[in-house]
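So that you can tell them apart, the chains are marked A, B, C and D in the order they are listed, and the count of residues begins at 1 in each.
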Amino acid sequence: MSTSDFDREWRLGELFDAAMLARIGPPLAELLGADLAILDRDGRALWGMPAPDATREALILELEPAGFLASAAARPPQLRSAARMFTALLRAEARYRMASALHLEAVTQDFETLKLEHSRLLASEARYRKLSEELEARVAAQVATLEARQQMLYQAEKLASVGQLAAGMAHEINNPLGFVSSNLGSFKLYLDKFAALHARLAEGEAAWQSLDLDFVIEDGAELLADCANGLARIGRIVADLKSFSNVDRPPTERANLNACLEHAVSVASSPLPPGVTLKTALHPLPLLACNPGHLNLVFLSLIKNGMQAVQDSGRPGEVSIRSEAAPDGITIRITDTGVGMSPAQQERAFEPFYTTRAIGAGTGLGLSTARNIVLAHRGRIVLDSTPGKGTTVSLFFPGTP
Amino acid sequence: MSTSDFDREWRLGELFDAAMLARIGPPLAELLGADLAILDRDGRALWGMPAPDATREALILELEPAGFLASAAARPPQLRSAARMFTALLRAEARYRMASALHLEAVTQDFETLKLEHSRLLASEARYRKLSEELEARVAAQVATLEARQQMLYQAEKLASVGQLAAGMAHEINNPLGFVSSNLGSFKLYLDKFAALHARLAEGEAAWQSLDLDFVIEDGAELLADCANGLARIGRIVADLKSFSNVDRPPTERANLNACLEHAVSVASSPLPPGVTLKTALHPLPLLACNPGHLNLVFLSLIKNGMQAVQDSGRPGEVSIRSEAAPDGITIRITDTGVGMSPAQQERAFEPFYTTRAIGAGTGLGLSTARNIVLAHRGRIVLDSTPGKGTTVSLFFPGTP
Amino acid sequence: MPEQDNTSLTFKLVYYGPAQSGKTTNLLRLHDILSPELKGEVMIMETKDDRTLFFDLLPLGFRAPSGLLTKLRLFTVPGQVAHDGTRKAVLSRADGLVFVADSDRTQETNNGEAFQSMADNCHRVGLDFEHIPLVVQFNKRDLPNAVPEAEIRERWDAAPWPVRFATALSGNGVEATFEALLRALYRRHVDGLGLATDHRLTEDAFVAGVLGRTLEPQ
Amino acid sequence: MPEQDNTSLTFKLVYYGPAQSGKTTNLLRLHDILSPELKGEVMIMETKDDRTLFFDLLPLGFRAPSGLLTKLRLFTVPGQVAHDGTRKAVLSRADGLVFVADSDRTQETNNGEAFQSMADNCHRVGLDFEHIPLVVQFNKRDLPNAVPEAEIRERWDAAPWPVRFATALSGNGVEATFEALLRALYRRHVDGLGLATDHRLTEDAFVAGVLGRTLEPQ
C-alpha cells in the first residue's frame, strides 16, 4: 500500500506538518492554560516538549490513536476537550486528504478510460481508412479489368460478326457448287458422245444427227455459261467474305465507301427476307482512308438492323441506303420504314451490351461497337427514330485533309 | 453562482451543521472556561446564546469574516486563541468542501468528454460499417458485371474464332475456283472445235486428225476430273466452314468425334506450316451427345496451339492427334514436340484472358474457353508440359450412360 | 491481500451496487447493530441529495486470543454511472465484496450493468474476481414490486455466490449479509494468515468478534 | 460576469498553462509582493511532488471610494494533461485569464497544446474567449535555452493579447503581468459595472488598489 493510496490509515505526522502544528499548537496551549505537547501515534513529540509525567489523551481517527495530546498541568476535562477539538481538526484534514487522494486516483482512472476509448477511436478510424483504401483499390482494379474486357469484347465482337456471316455464306456457295458439278457430269456424257462419233466418222452427217450433236454443242455452251455464272457467284461470295474478314488490319487503305456499301448490300440481300425491299442511291464519293473490313461490318449491321426493324413491324417495307459527298466529308444514311425505337430505347441504344434481343441472336455488331468503329474513323453516328414510323441512322466521315 | 459551485465563498453555517457545532461547541467552551456562542457572518447565533455585551472575534476564511465567536467573560487572548483553533477547523472543512465540489465538477466534465469520445467512436464505427457495406455492394455489383461480360466474351470468342477461319477459307476456295474457271474456258474452245468438225464431216478422219480431237477428248476428260476435284475441294472447305459455324446450336447431336478431329485437321493443315508434321491415330469411337461445332473449335485450337509451339521451338516437329475409346468414355490426346510451357505458364494457362501473345494474334479459342466447352460436355482437360520438350493436352469425355 | 503487520490485520471490504440501492444504509445499520470491541464512526463523504460522492467508511475491530488486532474497514462506492473512475479507485485492494442489488423489478437492468461493471473493474484493478469473497444482497424486499425471492433464487442458483435478502432501511438482513461475507472471508484466508493456527481464531470466533456477539461455549 | 452584491464585487481570475510552467509560483510571489488593503493566505491544494491537484487560491481585496469592497480571487489550474475536467471546472465563471507559458524551447509544443486547450475549454464552459481579458506571460526567462524575446514578440505580434516576460521564481515580471490583466479587466467592465461613475474608481486607482500601491496625486 503506497503513501498515495486514499484508503490507508493516517497518522498525525502525515496530516499536519510542522508549520501547521506551529500555527495551532500555541492557541491550543493558550486555551488549555497549561503545558502542551503534540505526539505522533508512536509517542514521538511533533510539537512541544512533553513532561515525563504528562497525561496523554488519545486522538482517535478510526479505531486506534493517530496521535496524542500530552500535558502535565492541564486539568483532565480540559485536556479531553482539547483532544476533542484537535480530533475534529484531524478528521477534517484526513477527510480532505482522502478526498484529494481519491480524486487523483479517480481522475487518473477516468483518463486511462478516455485514452483507451480515444485509442479505440483512432484504431476504428485507421481501420476505416485502410478498408476504404483497400476497397477503393479493389473497385479501381475491377474497373480496369472491366475496361480491359470491354476492349477484348470489342475486338471479339468484330470477329464474331464475321463468324456469323460464315454460316450463311457457306450455304450460299453450295447452290452454285451443286449445279456446276451437275453440269460437269453432263460434259462427261457429251465427251463420250464425241468419242462415239469418232468411231462412226464414216457415217458422216447421219452419225452426227444420230448422236444429236447439234444439241450437245448448243446445250454445252449454255451449260458453260451457267457454270461460269455459278463460279462467278462463288467468287463474289468469297470476295465478300474476304472483305469482311479483314477486320484485324489497320485502317491504311484508301477505299470507296460505295464498294463497302455494295458488299454489305450483297451479303444482306442473299437471301432477302420476305416483305423487305432494299434501295440504294449511291453517289460518287472521294476515296476515304479507312479500314474497309470494319466499315463493311458497320454497314452490314445497320442494314440488317433496318431489315429486322421492317420485319418486326409486321408489314412490307424498305431499307434505303444513300451515300453522298459533302464539302467536308462523306454522309451515309440508312433509313428503314420499320418499327422505330422508343425514346428509352434510343437513349440506351449505344450502351455496351444493350440489346432488345437474346444474347447470340444478334444481327451482327452492337450499336456500341459500330459507334466505336465510326469514332475510330473520326466520324459521327446519329440515330433518329419515330416509333411505328422507322429509323434513320446517319453517319458522317470527315474527308482526309 | 449555484450552491454546488466549488469556487464560492463559504459561510460558517454551510460548513458546519448543528450536529457538528454541538460536537465542537462544548469542548471549545470548556477550554475557554467562559460563555461561548458561535455566530454566522451576519451575526445570527448558530450555537450558544450570545450575551448582549459579548466580545466578538472574527473567523476569517479568505478576506472577510465567515462567522464569529462571541463571549462576554472570556479573556481576549483566549478568545483569540479559540478563534484561531476554530478558523483552522473551518479552513480544513472548507478545503474538503471545495475539493469534493470540484471533484464532482471535474468527474462530470470528464464523463461528458468520455461520452463525447464514445459517441464519436460509435459514429466512426457506424461510418465504417456503412462504407464497408457500400463498397462491398459496389464490388459485388462489379463482380456481377464482370461475370456477365465474361459470359458474353465466352459467346463472342467462339464466334470470333469462326471469323478467323473465314479469311483463310476464302483464300483456300479461290485456288480451285480459279482452275475450274480456267478449265471451263478450255471447254469452250473444245466445243468450238467440235462445231468446226460438223462443217468438215465429209473429210472424215482427216478432219478429226486435223482438229486434233483425240487430244481434245483425252484432255477434256482430264480437265473434267480436275474440275471435279476442285469442286470437291471447295465443297469440303464449305463443309468445314459450316461445321465450324454451328457454334450457336445446343449440343443435341450424336456425333463421331473422329469426324470433328478430321475437320479440325483438315482446316489446320491447309496450309500446313513449314517444319510441322501432323499425325493422326484415330480409333473407332462410340457416338457422343455433343455440340460438334463447339468441339471442332476446341480441337482446332489445340492443334493450332501445338503447331504454333512447334514453330516457336525453331526446329521441325510433329503434332500427333490420338483418339481412343475407354471403358467409360472417350480419350483424346493432342501432343506436340514444341517449346513446352514453364510451370508458371501452365499454372495460368486456363485463366480467362491469359495469353502469351498479343491480343488479336491468338490462334483461336483461349484455353479458358476451351475448358469451358469441355466442362459443358461434362469432360475434363489436363495439361502436361515439359519446357523444351513439348506439351500434351488430354481430354476425356464421359460416355452417355 | 489484507494488510498485515506484527500486531494488526486489516481487511478492506467494499459494498458495490447501482445508484441508491442502499449501500450507505447497510453501513449505517451495521454501525447501529454491531457492537464489536472497537467501532468507529461512519465517515460519510456525501454531497448534495445524499448521494455518495467519494465513499463512506465504517471501521470495526476486535482482538484475537493471540493479541492480534483484526480491523475491518467497510467502504461503499458511489453508484452513479459517471463515477466509474472513483469506483475503480475504491475497489482497489479490496479483500471482499458485497453486491447490493435493488429488488425493484424496474431496476433489473441497472443491477445487471452494475454487476458487470463490478466484474470488469475487479479485473482492471487486479482483483481475482473468480476467487474474491463475494455476497450478493437483494435489498428493498419491502417494495411492492420487488422481484419474488423464488425467482431470484432460481436465477442465481448456478452462481457460486451466497445470495441474501434484506430491507436495509429497517435493518433486516443487513447483519446476515455481512456474516455471510465474514465467513467467506475467513475461509479464504484461514490458511494464508494462520488464523486458526497462529491466532487460535475459529470461524465462529472470527464472526462473533467482528459482530460483537458472545460466542456460545463449545 | 463578476459576482456583485450591494457591498462587494468579486472577480475570478485564472492562471492557466502547461504543467509546471510556474502558475503557483506566480500566486506565491504576488502574495509576497502585493500589499492591498485585504490579502488572504494562499490556499495551496497540492498533492505529492508539489503538483497542483485541484487549484491554488489567493484572495485579494480593497475598498473603492464608494465603499464598495472589490475582491479578486486568483486561481491556478492543474497543468497535467489528465486533469482536463478539473481545468474546465476551475475555468468556469472566470472573469480574466493569465496564460503562463514556459519559455524553454523544448516546451513550445506543450505551450501550444495548452493554449489551444484553454481556448477550447473556454468555449465549452461558456466563456467568450474572443473578449475575455487575457494576458500571455512567458515565464522562466532565466533559462539558458529560453526562446529569445524578439522571436516571441514577432510570433505574437498579430495576436490581440498583451505579452509579458517573467521569471516568477525571482518575482520578475509577475506584478507587471498581473497589472496588465487588471487594466484589461478594468476596461472590459468599467461601463457595465459603473466603476468610474458609480464608484469613482479610475483605472489607475483600480490597479493601485489591487496592487496596494500609493496612487500618485494627479
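By definition in this document, contacts are C-beta pairs under 8 Å (C-beta built on N, C-alpha and C of every residue); 3 or more make two chains touch, one makes a residue touch a chain.
These figures come from a predicted structure and were not determined experimentally.
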Subject >> Fewest touching-chain hops separating subunit B from subunit C >> reply: 1
Original post:
Cα centroid separation between subunit C and subunit D, in whole Å?
Top reply: 48
Original post:
If you average the CA atoms of subunit B and of subunit D, how far apart do the two points sit, in angstrom?
Top reply: 64
**OP:** Please set out, as single numbers or ranges, the residues of subunit C touching at least two other chains.
**Re:** 45, 54, 83, 85-86
Subject >> Residues within subunit A bordering two or more other chains >> reply: 95, 99-100, 102-103, 106-108, 110-111, 113
Original post:
If each chain is a dot and touching chains are joined, what shape do you get: line, ring, star, complete or other?
Top reply: other
Original post:
Which chain pairs here would you call touching?
Top reply: A-B, A-C, A-D, B-C, B-D
Original post:
In their complex, what parts of subunit C are in touch with subunit A?
Top reply: 3, 10, 12, 38-40, 43, 45, 54-55, 57, 59-61, 69, 71, 73, 75, 83-86, 88-90, 92-93
Subject >> subunit B-facing residues of subunit C, complex >> reply: 45, 47-48, 53-54, 81-83, 85-86
**OP:** Under the touch definition given earlier, write down the residues of subunit B that touch subunit D in their complex.
**Re:** 1, 5-7, 9, 60-64, 91, 95, 98-99, 102-103, 105-111, 113
Subject >> Contacting residues of subunit A [partner subunit D, same complex] >> reply: 3-4, 100-101, 103-104, 107-108, 110-111
Original post:
Across the complex, what residues on subunit B touch subunit A?
Top reply: 20, 23-24, 26-28, 30-33, 77-78, 80-82, 84-85, 88-89, 92-93, 95-96, 99-100, 102-103, 106-107, 110-111, 113-114, 117-118, 120-121, 124-125, 127-128, 131-132, 135-136, 138-139, 142-143, 145-146, 148-153, 155-167, 169-171, 173-174, 177, 180-181, 184, 187-188, 191, 194-195, 197-198, 201-202, 204-205, 208, 213-214, 216-217, 220-221, 224, 227-228, 231, 234-235, 238-239, 241-242, 244-248, 353, 359-360
